[in-house]
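Handing you this structure, nothing more for now.
When the chains are written out, they are named A, B and C in that same order, and each has its own residue count from 1.
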Amino acid sequence: MTWNWEYTGEILPDLLSGLRYTVIATLVGYVIALILGLVWTLLRRTPYPAVNHAVRWVTEFIRSTPLIPQLYFVFFVLPSLGITLSPLTAGIITLGVHYSTYTAEVYRAGIADVPKGQWEACTALNLPKSRVWLDVILPQAVRRVIPTLGNYLIAMFKDSPMLFAINVAELLYAANRAGSVNGQFLEPMTMVGLLFVVVSVISSILVRRLERRYATH
Amino acid sequence: MADVLGSYNQWLAGAWLTIQLTLLGGALALALALVFGMAGASRHAWVRGLNRLYVEFFRGNATLVLLFWFFYALPLIGLRFTTMFAAVLALGLNIGAYGAEVVRGSIRAVPKAQYEATVALNFTPFQRMRRVLLPQAFALMLPPFGNLIIELMKGTAIVSLVGLVDLTRASKDIQGSSGETIAAFSVALVLYFVIAQMLQLFVRYAERRVDRMLGRRLPSEPSLGTIAAGAPGAGVTG
Amino acid sequence: MPPTDTTPEAPTPDNAGAGGGSTPGDAPTTDESAPAAKGVSTHKDAAGEGEAAAALPHGAAPGIRFEKVVKRFGDNVVLRELDFTVEPGERVTLIGPSGSGKTTILRLLMTLETLNEGVIWIGDQTLWHMDRDGKRVPANQKHLHEMRKQVGMVFQQFNLFPNMNVLRNLTEGPVRVLGVSKDEAVERARSLLDLVGLADKINAHPTQLSGGQQQRVAIARALAMQPKVLLLDEVTSALDPELVVGVQDLLRDIARQSDLTLLCVTHEMAFAKDISDRVLMFDQGQIVEEGPPDQIFGEPSEQRTRDFLQAVLAS
């Protein structure tokens, strides 16, 4: 079995159209994760212990169970409740909700990471609560969390092939189809692997640059 | 619901495979993490290069893609694995790459003064690592390792797509035969959650023991550094 | 317990030659150091020591010589062509403003920093160079390992190993590095802990000890390695004021009862006066003034020394 370049060229357009869905799912899912994560974090800061605990357990549950059964749950269970979603929509929502539990944790830790002295200084200056958050705490917290949030974008990109489980026509799905149509898996699978490595390595270089830029030490 | 719970044999077999994959993959990942992590803390540039090569390639790839590659592509060039072996390999190599970054970062995070004390006591480079740096770095590694073992456990669900009957595949089979969609997938998720909680209890226990050994106390909630360190797609800085 | 000077690591014949002192054949020893070296290692009376003091290292201590030593950190020259000599068994204190290079001297001797230029002698051997085919070449790890056997260091921040209890902090080095048997190492650790007054803390964890106690353990740990040269790097700077005196008293006793060559960096002038045979005043990587403590602290001849002492005493 040798590498067939001609075949590689033939399947490339299929793979690229698959990549388009991969990118869409990752980016839209990421936006959901960023916003919903913030919602979780705010809910956990409410003064009601019941809300606080419920949110904690729900996010813990979502975070510690795998994406694929979650995809099945959203894709197969919601229709029986009258909500029918396309595979792509179900995949995006699941990916976004799954990772929102991670971003929530990042936000929480980012706020907790602001030194206690900063809060005490605000109290000493008698700043109003809104000023404390907008001028002192959040600007520092955001600096700290940006590189970590960048890492989660990469992580979501690398988890997106799991959408294959509910037949979203993303990159891996495209490669698998090309492979089974032609009975040749080596080229499409290797191409997909290389694509992932290339994109991940480039993006982790970018994240490292972010880390240096926002370094707090 | 009764149908779903009635097939407890299938559930148990599935859960057992998930646990097996987690433990075997975890053992492989731990070994790789230690070897390549120490390589990353080496004085020699070419040894550090080996670490970068391994980490960037296997951390940069999706486990599922890796698994498909082992499963579909490699047999064509004469490398034939059992599905189980391919799965353990893909999971171990992937999580091992994150682990290697954790090990490297933790060794580098041991205060330089500790290293200097080992020089002053005339330890050999191996003794410095074995007696002082690794034992102290181990305490720093544990919380991110805890995250990683749960990530690995979650990652095992990919084997359901290449024909192994793990917890996810069992739930799909039971859903197919019983038609009880909600119950089948709910039970699967709850079982995964239980396994994750058990793993977490074990990690907490290990953390407490190591903390006692080092005579210190860690914050009860993970810091940003820990979250970043254990994040899939993250490295340890510093 | 056998006399400590016959333990396995001791018999390095470096400069133990009778009467030879630190006057080696190939070492360019200065004229004034040669006679002074004679019998230096025996000039302190070993009799009348307490039993615990038997744990202290004894035997011929080597002298130290810096020849045109240069140390740079980037563009910052910390030591510029520094020359000085410490006699065998001599106790020397280095004083001077921070950044004057005192600590760098100790760190060079402990091989924690690498040498840029010049030669450092410990006894009749070069620390950072070794002899190959008659030529002086940079030392390899093996040579450094051999040379470090003679040197011990106590750090400002103690640097005890938090992954070991007090006993193992004291025995790990002797057992793993010197190859002493476990029983003997434990025995020696006990007598050293007696010496530093912490016999009851043998199984304690470093974090359970006060700063002063930790520093005493660190001193015992350095002594457990049977060094001939002991480096003290601002050993009381990190301690609470009320704990300083205890550690200083201990070091004074050790200095009196052992034959160690002692190099001490400190900001405590009273302690410096007490412990040292000679004081070196540093500024900008060079020795400004040197002499016996009475002279340096009593009637310094250099303006810079006077300014420095005034500033320190005022604080």
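Here is the rule we use: contacts are C-beta pairs under 8 Å (C-beta built on N, C-alpha and C of every residue); 3 or more make two chains touch, one makes a residue touch a chain.
The UniProt protein names, listed by chain, are A = Ectoine/hydroxyectoine ABC transporter permease subunit EhuD; B = Ectoine/hydroxyectoine ABC transporter permease subunit EhuC; C = Ectoine/hydroxyectoine ABC transporter ATP-binding protein EhuA.
Worth saying up front: this structure is predicted, and the values here are computed from it rather than measured.
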Label of the chain whose CA centroid is most distant from the centroid of subunit B: C
Chain closest to the middle [Cα centroid of all protein chains]: B
Centre-of-Cα separation between subunit B and subunit A, whole angstrom: 19
Between subunit C and subunit B, distance of the C-alpha-averaged centres to the nearest whole Å: 46
Centroid spacing, where centroids are CA-atom means, of subunit A and subunit C in whole angstrom: 56
Multi-partner residues of subunit A (each touching 2 or more other chains): none
Subunit B - residues contacting subunit C, complex: 113-114, 116-117, 119-125, 127, 131-132, 135-136, 213-216
Subunit A to subunit B touching residues, read off their complex: 1, 61, 64-70, 72-73, 76-77, 80, 102, 105-106, 108-110, 112-113, 144-145, 147-148, 151-155, 158-162, 164-165, 172, 175-176, 179, 184-186, 189-190, 192-193, 196-201, 204, 208, 211, 217
Subunit B-touching residues of subunit C, taken from the complex the two chains share: 110-112, 141, 145, 148-149, 151-153, 155, 157, 159-163, 172-173, 176-177, 205-208, 221-222, 225
Subunit A contact footprint on subunit B (complex, rising order): 56-57, 59-66, 68-69, 72-73, 76-78, 150, 153-158, 160-161, 167-168, 171-172, 175, 181-182, 185-186, 188-189, 192-193, 196-197, 200, 221-224, 226-228, 231-235, 237-238
